[in-house]
Every structure is written in C-alpha cells, then in structure tokens.
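Lettered A, B, C, D and E in written order, each chain numbered from 1.
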Amino acid sequence: MNSSAKTFRHGVHPPECKATADAAVTRIPWPDEVVVLLSQHTGAPAKATVVKKQQVVRGEVIAEAGGFVSVPMHAPVTGTVSAVDLALNPRGELAPAIMIKRDPDADPEAVHGSPRDVDGLSAEELIKAVQDTGVVGLGGAAFPTHVKMKVPEGKKIDTVVVNGCECEPYLTTDYRVMVEQADKIIAGIRIALRATGAPQAVIAVENNKPAAIEAMMRAVPAGAPISVCSLATKYPQGAEKMLSTAILNREVPSGGLPSDAGMACFNVATLAQLGELLPAGRGLIERVITITGGGVERPGNYLMPLGAPLRHVMEFAGIRPDARKIINGGPMMGASVASLDVPLTKGTTGLLVLRDDEIRTGRLEVYPCIRCARCVDACPVFLNPSALGLLGRKARYEDMAEQYHLYDCIECGCCSYVCPSNIPLVQYFRIAKAMLRERSASK
Amino acid sequence: MSDQQGPPSSMDVFLRGLWQENPVFVMLLGTCPTLAVTNKVINCFAMGVSVMFVLVMSGLLISLLRSFIPKQVRIASFIIIIATFVTIVDYAIQSISLDLYDSLGAFIQLIVVNCIILGRAEAFASKNGPAKSMLDAVGMGLGFTFALLCLGVIREALGNGTLMMDTPFEISLFGPNFAPWSIMILPPGGFFVLGLELILFAWLRKRREQRRAQTAQA
Amino acid sequence: MNTESLPSIFINTLIVNNFVLSMFLGICPFLGVSSKKETATRMGVAVTFVLLVSSVCAYGINIVLNYIGAPYLTLICYIAVIAAAVQLVEMVIKKYSPALFRALGIFLPLITTNCAILGLALFQTQKGYNFVQCLVYALGAGGGFTLALIIMAGMREKLELADVPDIAQGAAITLILAGILSLAFMGFAGLGG
Amino acid sequence: MSAESRLLEIGTSPHIKAPEDVRDIMFNVVLALLPVTAFAVWSFGLSALLLLAVTTITCIATEHVACLLAGKPTTIRDWSVTITGLILGLTLPPGTPLWMAALGSVFGVVITKSLFGGLGYNCFNPALVGRAFLQISFPVAITTWVPSGLPGRFTSLLPSTLTAPFMNMDTGAVGAYIEKALAAGGIDGWSGATPLSMWKFADTPEFESTLRLFSGMIPGSTGETASWLILVGGFYLIWRNMMNWRIPTGMLGAAFLLSGAFWLTDRAAYPSPVFMLFSGGLLFGAMFMASDMVASPMTSLGVWVYGAFIGVVTVIIRIKGALPEGVMFAILLGNALSPLINGLTQPKTYGVKKKGLFRI
Amino acid sequence: MTTQAQAAAAPAAQHNSGGSIPMLRTLGGLALLSGCLLSLVYQGTNERIARNFEARVRDAVFELLPGATQQKVFEFSGSDEAGKDTPFTAYAGYDDTGRLVGVALEASDGNGYGGEIRFLYGYQPDTQQVVGMKVLLCKETPGLGDRIKTDEAFLDNFKALEVPLADDASALAHPLAYAKPGKGGGPGQIEGISGATISSKAVARAMHNSASLMLPVIRKHLSELQENKP
C-alpha cells in the first residue's frame, strides 16, 4: 500500500477477495422472461406505457419517467408483454413491474435506437437526453444520473469526480469496465463535464487496481482536463463523502449534497453506459454484474439483461452445496437476498454467494460493548458508534439523533465490521432511523 | 400503612417510622449524619438520641403552637425552634462527655438542617395534635436510630473488631489479633455499607413481593 | 488564630478533605442533583455562590456574637442569617438577571437546607480563620462540591446505559459509585501540606 | 427447499466481520501478563504462586456466583475476570495474607463489576478497586515487602501467607524469616523497603540503580518489579492492536516530563525521571491497568488527556503526597474522569460545523 | 432527599401580604423565648463544660507524671523562634509529700495528616527527660495516623527522651527530630511509625517547637515551681 496516496481518515481494511478481477466480461444465456420493475431507482417510479400482450422490441421505451427525479424504462429483450402487474422487488415488497416473455425467434442482440449528435446539444438538452437513456447510478445507489448533472441554482460544480474505487470486497464490475471500456468512460466524462459545466474531472481509482489506472491514463486524450488520481485502498473509499475529502479536501455539509462541496460524483460504470448509450440514442437495458464468492461454481463478471430473475442467474452460475448466503451487492453494504424470484435491477452491482467460513470468521456470541473504541477509530464520518449502539439498545432514539448525529451515519458498516463484541451496530442505527421516521410521520 | 384508608391509628403512626417509612432506608433523608457518624456504635446512639430529642421537643412545641404560627413564617419559626433545641443538645453533650462531643464533631449542630426534622415538622407536627406528633417523632427517631445502628454495628465490628468501643461496655468480637478493615471507619466505608444495605433491603423487598405474588396465585 | 496558608486551605478543601467525599456534607443534593452534567454544574455554581455569601455572613456574625458574649446564639443566628441571605440573593438575582435566575433559581431554596452551607460556617469559626482565609475556604469547599458533583454526573450518565441489576438501581448504585470515588480521592492525602 | 430457505435467510449488512472478538482480546491480555506472572513466581516463590492462584480463582468464582444470582449466563469464559484476578495478584506484595487477597478479589469484582451489570459497564477497573480497598484497609500488610530471589522461596511459605482469616499478619515473624533466609544465603542487610519508599522516606534519599530496577531484582509488588517483562507484554499488546498505545505513551511521557522538571530543580532531593518510570507500579499500571478499555475514554484526544492526567497525578502524589505510590489512585481518578474527558474531546462529526457533546 | 423540605420552603418564599404584625410578633416571640431558654441552658452547663475540659487535662497530667497526686497550674511566657512572646501553661505535678514530680506541657502542630495534633508531655526537670506523651486531639486517619495514640514502639520514644539544655540554659542542647522507623537511636531522635510518617513527623515537630520554647522557661522558674506547692 502506498502510504502517500490520497485518502480520508478512519475506515477499515477488510480482505479484498477480488478473485474475479481477471475474468473478462461475458454475456449470460438469455432468460425466457424478464421482470422490469418500474422503480429500480431512487425517486418516483416510472409509468408503464405498454399494455398486456403488446409486442416490444429490445431497447424500446416501455415506461416513461414519473417526474424529474425519475427515469424511463426500456425493454431488455424483444418479445411480448405478458403482464403489467405486481412483482417481488429486492426489498421483499410487491412493486409494479412489466413482465416480458422473450421471443425466442427474434435476434437477441438487435437493439432499438436512433443516434444523435451529442455536441450540438445545449446543457439543458443534454440533461434531458441523459434522462432519456434511463441511466441511474450503477454503483449501487441507483440515483438518476441526470438529476446529479443538473446543478442547483446558485451553486457551482468545479470538479467531476469519477468514482472507480470499488472499495467493497469481492466486487470487480467497475474494475472490468475500466479495463475494458475506458474509451466509453472518457466519452461519458465529456458528457458529464458539459452537462455540469465543470472545468475538470478526476478519475479516482484505488491503488490496488494498477491495470485500471493504467487503462484510464492511456484513455485520457492529451490536453483533456481529465486526470487520474490513485487513492489508498481502504473501505469506504468509494463513498461520495470520502471521495470529497480525499480528492478535494472538502467536507460535504451535514444534510447537504455533494454539489454543496462543488463536486459531482459519478460511478465509472454509469459514465461508460452513458458514453455508449447517449450518442446511440439508446436506453439502459443491461449491465455488468460480478457473481462471486466461495459458494458459487462459475464466478465471473457477466453482462446481463436487466430484469433477469435471480433464479435464472443462479442456475447459470451454479450454487455449491456449502453455500450459506446470497447477497445482492457487496458484503459491507449489500442486502441479503430473501427470494430467488426477484429480478436484477439497475442498482445490482454483484451477487455474492458466500460460504459459512466466509461469513463467520469468528465466534458469533454478542458481548457487551467494552468501549475498545475500534468503531470510533473506524467510523469515516467521525461518529461515536459505541454510544449510538448503547443508546439504541435502550431505545433512546431521540438522543441518538439530537446528540450523536445519527442522521450523518452513512451505514457503511465499518463499525459492525470491527466490533469485537459482535454488536449489530448498523442494524441499531437503521432501526433508530426507521422508528424516528415513523414517529415524526405519526405526529 | 400508606395504602390504608382513613386516619392512621396511633400504633401505625409509631411503627411506620421504624420500617415502612424509615427516614434513612426508604426516604433517604438525613444521609449526611448517617454516613458521617456511624463509624462507632456509641456515636449512633448519641446521634439517634439527640435527633429523637430534637424531633420530640420541636414536634411537641410546633404542634402546640401550630394555630398561632402564621403560614408565611412557618418555616422560619420551625427553624428557630429546631435550632434552639439543637443548641441545647449541643451543650448537653459537651457537659456529659467531651470525647463523645469530639467524635460527633459538627454533626450535632448540623441536626438543624437535617431534613428529617424539618420534614416531620412540616408534614406532621404542624397538622396534628401534640400526642400524635410526639408518637410520630419517637417512631421516626427510633427509625433513624435503627438505621444508624444498622450501619454503625457493621462499620465498627469490621473497622475496629469491637462493639461499643470507647464505652465501659466495649466488647471485642474477634480477639486481640484481629486485623481491622480500616476502610470501614473511613469515608468510603460509609458509602459502601449504606449502598450495600440499600441493595440488601431492595432484595428482601423484591423477594417478599415475589412470595406474595406466588401465594396470591396459589 | 489560624496561620494555615491560603493554597493549603484551598487544596485541602478542594480535594483532600472534599466536603462531599470525605466530610459527608451536602450528600442530599449530591445524590439528588447529580444525574445530569448540566444541572450538576449549575447546582455547583449556585452552591459555591451561596457558600461565599454565607461565609462572609458567618464571619460577621461571629465577630458580633463574640463582642456581646453570647456564643450560645451562634447556631440560631447562622441558620437564620443564611436562610435570609439565600432569600435575598434569590430576590436580587431575580430582579437583575432573570437568565441567571432561570439557571440557578430552582436550586436556591434547596440550598438553605444543604448542610454544606451551615457546615462551612461552623467549621470556619471552629478553625478561627481570618476573613481572607474564610473566602478561600468557601471557594475551595464550593469548588470541591462542584467537582464531586460533575464527576458523579459524568459517571451516572454513563451508567444510564448500563445493565445495573434492578435491586441496585437508584440511590444504592450512586452510593457505591460515591464510595469508589471517595476511595480514589484518598490518594490525594497529604497534598495540602 | 430447506437448503434454499437456509440460503435465503435474512441478515443485515455488513455480512463479513473482522475475526477478533472480545474473548480474543482478553485472552491476549492474559498472554501478555504471563511472562510477568512467571517472573513473579520465580522471584518470590511459592507464596507468590499461591497468592496469584487465590486472587484469580476467587475472582472467577465471584463472577460466576454473581452471574448465577443475577440469573444470567456465566461470563467467566470471556477471560476478563481472569485478567482482573491476575492483575490484582500482581499488584499485591508477595507476602499478602491469602484471606486478604481473597477479600480484595470479592470486593473488587462485586462492587465494581457485578453491581454495574458486568463487563463493559463498570466505571472503574475492578482489580484497582480491590487493590485500593486492601491498601486503605490493611495499610501495614500491604506495605510489608519481601526481597526478590530470597533463598528457600520454593520450599517454604512466608509466615504471613497463611495468616488465619480476619487476623492480622505478624510483621515481626516475616522480618525474622527474611533475615534468617538471607543469612542462610550469606547476605545481610535488608532495608525492608521498595526503591520508591527508600527514596521517599529515607532522611537522605537513596536511589536504586536503573539496571536493578529494570531487571526486577528488587522488592515490590509481585508483578511490578520486572520492568523488562512488563515492556515485553505491553509491546505485544500494542503490536496486536489489543491496547491503545496512546495511554501508556501519554502516561509515561507525562510522568517523565513532570518528574524531569522536578529533578532539574533539585537533583539531590528528587529522583531522576528514569527512576520514576521504572520504580513502583508506574510501568505496570500504564501497560495493564490504565489501558483497560472499559474504564478509559474512547476518543484519540481523550485518551492522550487521560494518560497524561494519570501520569501527572502519579508524580504529584509520589513527590508531594503522603503515600509512597500514587499510580493506583491516579488511575482510579482517571477512570472517574474518563466520561468527562470523553465529553470534552468529541471529534467533529463529518460535515457538521459545531462540535457536539460526547456524553458517554 | 430534600424534596420535602424543598416543598416546605417553596411556599415560604412567596410573599403573601397578610398583615406582617402577627408574623413579626410570632418570630419575635419565638426568638425571645429561645434566647432566654438558651442563655439559661448556657449558664447551667457552662461551668460543667469548663470542668470537663479541666478534668481532661488533669487526668492526663496524673497519667503522665507517675507518682503525682496533686497538681497546680502555672502561666508562663517565653519567646519563640521568631522572638515573639508566647504565653503557655505548665501543669506541675506533686507527690503526696509535696515534692515536684514533673511538669506537663502542651505541644501542637497544625500540619498533621488530618489537621491539628495536640498532645501533653511530661517533663522531669531534675533528670532533663521527657517521661511520657499523651495525645489530646488527633484527627488522623483511623488505623494509620492515629496510631500515634496507641503504637507502643512510638510511645516508647517518649518514655525516657533526653532533652538536655545547652550550657547557658537558654536553648536545647540538641534538637529533637524525626527519624525513620528503625533508624533512630541518636540523641533527640524520635522514631516514626511506618505507614504513618506524616503524623509521626508532626508529633516530632511539635515536640521540638514546644520543648525549645518552654524548657528554658521552666528551668528559669524551677524554684518557683518547687516552692509554690498546692
């Protein structure tokens, strides 16, 4: 590790486990049916524009944006709409979705779209075009990208930060995208720079990915206001707030947005998609997902149509008998999968199938907090997780929010990861936030 | 009993100070002298008797004068009356034994601000007749003395290996070679013994309630 | 006449012979008002203030009583004058600084029956301190009281989150804490010179 | 489908965990104490062995019984109470009557730990409270020292070790025993004092040589003498990240600087800062007692303040106070202040302008 | 706690105007009554308290001067180290035949562990020895510092402590000083108690100060002491 590399204070060093780093992206077999959830992003759900039994072509718009903070949906496969109905979403709730039965006779690779001239668009038009692609933050947050590009009144973005950190263990999608699609990322950065009006862009990559750094450096055209910044390998380096500290040495104000710190932050996979889709006038219909973990037979980085059911993906990848847990996302912040019937969404970065020995590295017994302060030394936003946890245990949620800045918690999981007492700290914080939300709603 | 309806009987008035409403263990009044003088059993007796004397005399006087004292100057009057009797006790002890006086220190004079006395004056003597007030005062005084002794016996026995030291009735409990636990007669010992006794009483109360609940169920 | 030096008086009352932890004065407010740091601090300041006022009063009364030869009135005069002084202070504060009154006001009537106040008056007479010594003595006693109260409040706030067994909760555990604190303060023995 | 439902069990993130838990930390502290313990037994013989066994077993048994009474599962397996017992034994003089050692163990564990709800909730270090209790209760027994490496220490017990319960130890018999043993070994002259008390209470201060202080061949509490082994244990814990290195650093640094300042004013009256560091229990306290996580502050700045406070108070008590040794009381005071220190040293939360109150 | 008293005090703080005459009358009456009562009690007990104080000293004097059955109090004055004139009291003890057995003198030091330590010591002018010591006031730590009252080895220091005067009889021949436990034995050395150093040192200091002030004066007035029999 390069100690002089830029970084933030605190954080943790979980084992990296990036076994699939060298696996080139390949496409998985096509599923027979896809389930396109209408709310795969943060914000208002999209509104379906198709009806049952309607024929759709791959790439065609099947749902329009439900507002400014929303994006349209595009058909991931060519086929027939079999239903517009409720379906299970990854959170375990029933949510509106469009089910499409794939036409086995149609050419699966053919795609609908009409190219457009990017350079002729104004910033406003560009943002609208970005929305039309349906691209959202592919790093996992799934926040509509065009909303981030729209600079709020009275603020100025001076740096576009391109997030290629991929600090979560196991995941290698961003890494593969950087290695394989560096040119598309550069194209995406140009769009982002134009849309936000920022004078420069910084590509942030952790220093455990030298190949990605090299690929990006090579891709940056001479004279472009784009630089590559090598950051220390540390979790959660890829969180926006941490990037702001590491690269710009500025803090995003509590309760504020990155734009308050003069920064706009985009994931590399997001920009790669944007760089590809926007000039071609197409929509987001597929993404790269890492399937890995000790419990899977064919780990790798796969290109998958959105809406493919997890069961289909898992049948392809193969689950070993000693697998113990499936996680949607990375091991630090991802959610455990409760049903194999949920579909892939735009926010799915990876699927981990972990064995017991990967999850349970120590004894599981929960001890009382011994105030070892490891959580305090790990928390990247300088909270006191120990005190928050003790208060949470006694259900003193108001005190947590008022005196201990509960709402500044980014739920990165560092505190729970290091806690020698095995206290489910992040869980306490989520419960506290939920309870407070409920209380203020009932008032 | 507090949950009883109607005016309490004389016996209840007398008994409740001893246990149910014990000024020290239940109401946590007068903790300063309780902690300060209980390093010797004889001090407990002297302190207990002094407090009882002041309680009885001020209770008597206040209940006799209760209709003559205007409400506004009630507390001031009580304090004057109490301070008078405390001064009397102070001189009485000096004339009886200087050694005792030295070991009680300023805590005899500090009886003036002992919450038990002002509290009883306000809560009982100023509202009841002389006979009942005196009964209440004796009950409270005995309760206070009992509490002092509960601490004093333990602190002196462990802290000095004796009972009733510095009196003609001194009893050695462990023989001459006993190693005294000096901490018991020092300030921390007072805090620890009172704290542990409160825990003991809470445990006894809890166990009694559990038993009662069990018999009620059965 | 006492010739103890001022620093020695101060250190002795502040930590070595701390009013609460080794003299058992003011235990009631110590147990009652030490659950929150804010209230503990305010109470400490209020007590220190009243200690200073009553120390001055007691010094004056003692001179007068010695002059007229009536030592047997000491106690009555002290308690009466202290009560009156507290009342007066309360009224003055209320009139001239409502903010201060809001912060300290509720504690003032409670302080009259705090044995630390009367105790200070009695001890300073017993020790035969001169005027300046009395002031330092009052300051040290008030500081010591405040110190004990704030330390206690800090630990009690921490204890709120602990799993104290139910039979030990409340006054009992507070007394145990005070005992350990008193034990720790014994380490200061001899520092006052 | 049972395999699948097992696979689909809900769990919350993070799904991976650093492997160390409380038991590992505590066990490593026990490991770090072992060299010191072994040296204690080697240099003070059977009496020290019995003493350490009694404190450790009594502490474990007390905690076990307390858990049973509270209706909780026993917590003796987390090793924390073993540490308490070992440390208590290591801070007592080798000739301490066993009944006193057992009493101190019970007192420390019950008063400081069980009544507060067990591990993690105690405001003070239990071993220290037990030690302070004994120091105040039995000042003579707790300051009766024995020379290190006494001939015959493996074959016979000190006469005070088996004193009957509640009875006072016979200091005269201990003195006679030591003189006899020393004479048998061809040595005469025995001052009966630790280096610290030799300096403090002698008319003309006497300073033990640094080498002897360092090697541990001096009288003292069973575990505080061997500076080099304490350092080994301490560095092991720091290396394994099982202890906050700032605490001993702050404590020893502050003690060194303050005693150095005194020394520079009068080199004849005050001992050198090196003597201060290696005499008495300062080193042992810094490595194993002040660094107790439960009773020390949590913030980095707070930990510095806490360490420095203990170091300063130790030196002040040693130089100006009535007691020869101040480490124990200084650490107890540090423990008492740690909630307040925590409150005043809260780091600024990310993105928040004002510092908050860090109350716990 | 003080809740009750507080509740009681609160209404008193309100200044209801209900005619202040009865209030003043009551308070005045009570004050008068208590003043009278207390002055009576004071008169009644004053003498007895004074007698108690005397008896305390008298018993100590007899204890310190073996063989003494009668005593007489003398008031002298000497100059202390700063040259200030300091009055002191000497309690002379006589046996049945009226022979002067010795003089009991008072010594005190304010810097003990718990404050002031005051004690009496017996002095035999003819042998120039201190023959005993008895603590009158001691607030030292029980079990530690207060062993100056009971520790036999310590009290033995004063059983036959040589305190010769210098040749011109105006000062002590050698100072009285504290010595470490087990390291004493020299002239004028007072061996301390281990674990109670501060208290022992205070006693030694008090002893020295008192002796160097009073003993020369006693020598000067020796004949007066011997002749003025009780």
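What we mean here is this: a residue touches a chain if its C-beta (ideal position, glycine included) is under 8 Å from a C-beta of that chain, and two chains touch if they have at least 3 such contacts.
Just so you know, these numbers come straight off a predicted model, no measurement behind them.
*Asks:* So if I look at the partners of subunit C and the partners of subunit E, which chains show up in both lists?
*Replies:* For subunit C paired with subunit E, the chains in contact with each are B, D, in label order.
*Asks:* Quick check on the contact network: minimum steps from subunit D to subunit E?
*Replies:* Step count on the best path from subunit D to subunit E: 1.
*Asks:* Please give the pair of chains with the highest number of C-beta contact pairs.
*Replies:* Of all chain pairs, the one joined by the most C-beta contacts is A-D.
*Asks:* So which chain ends up closest to the centre of the protein, judged by Cα positions averaged per chain?
*Replies:* Ranked by how close its C-alpha centre lies to the overall one, first comes D.
*Asks:* Centre to centre, using CA atoms, which chain is the farthest one from subunit A?
*Replies:* E
*Asks:* Just curious, how far off is subunit C from subunit B if you go by their C-alpha centres, in Å?
*Replies:* 23
*Asks:* How many angstrom lie between the CA centroids of subunit B and subunit E, rounded to a whole number?
*Replies:* Roughly 33 Å separates the two chain centres.
*Asks:* Where the centres are mean C-alpha positions, what is the separation of subunit A from subunit B, in Å?
*Replies:* A distance of 70 Å separates the two centres.
*Asks:* Between subunit C and subunit D, what's the gap in Å when you average each chain's C-alpha atoms?
*Replies:* 34
*Asks:* Which residue numbers or ranges of subunit B touch two or more of the other chains?
*Replies:* As it turns out, subunit B has residues touching two or more other chains at 28-29, 76, 80, 83-84, 87, 91, 115, 118, 180, 182-183, 186, 188, 192, 199.
*Asks:* If I count partner chains per residue in subunit C, which residues reach a count of at least 2?
*Replies:* 28, 31, 72, 76, 112-114, 161, 163, 168, 173, 176, 179-180, 183, 186, 189-190, 193
*Asks:* Hey, what residues on subunit A touch two or more of the other chains?
*Replies:* If we look for residues of subunit A contacting two or more partner chains, we find 368, 387, 390.
*Asks:* Strictly by the criterion at the top, what is the full list of touching chain pairs?
*Replies:* The complete list of chain pairs in contact reads A-C, A-D, B-C, B-D, B-E, C-D, C-E, D-E.
*Asks:* Within the complex, which stretch of subunit E touches subunit C?
*Replies:* That would be residues 1-3, 5-6, 9-10, 13, 31, 34-35, 38-39, 41-42, 110-111, 113-114, 141, 198 of subunit E.
*Asks:* Taking the complex as given, what residues does subunit D use to touch subunit A?
*Replies:* 3-4, 6-25, 78, 80, 117-121, 244, 293-294, 296, 298-300, 303, 346-353, 356-360
*Asks:* What does subunit B use to touch subunit C in their complex?
*Replies:* Residues 28-29, 31-33, 35-36, 76, 79-80, 83-84, 86-87, 90-91, 106, 109-110, 112-115, 118, 183, 186-192, 194-196, 198-199, 202-203, 206 of subunit B touch subunit C in their complex.
*Asks:* For subunit B, which residues are in contact with subunit D within the complex?
*Replies:* Where subunit B meets subunit D, its residues are 174-175, 177-184, 186, 188, 192, 199.
*Asks:* For the complex, which residues does subunit E have touching subunit B?
*Replies:* Residue list for subunit E touching subunit B: 1-2, 4-5, 7-9, 11-12, 14-16, 18, 22-23, 26-27, 30-31, 33-34, 37-38, 41-42, 45, 48-49, 52-53, 56, 137, 141-144.
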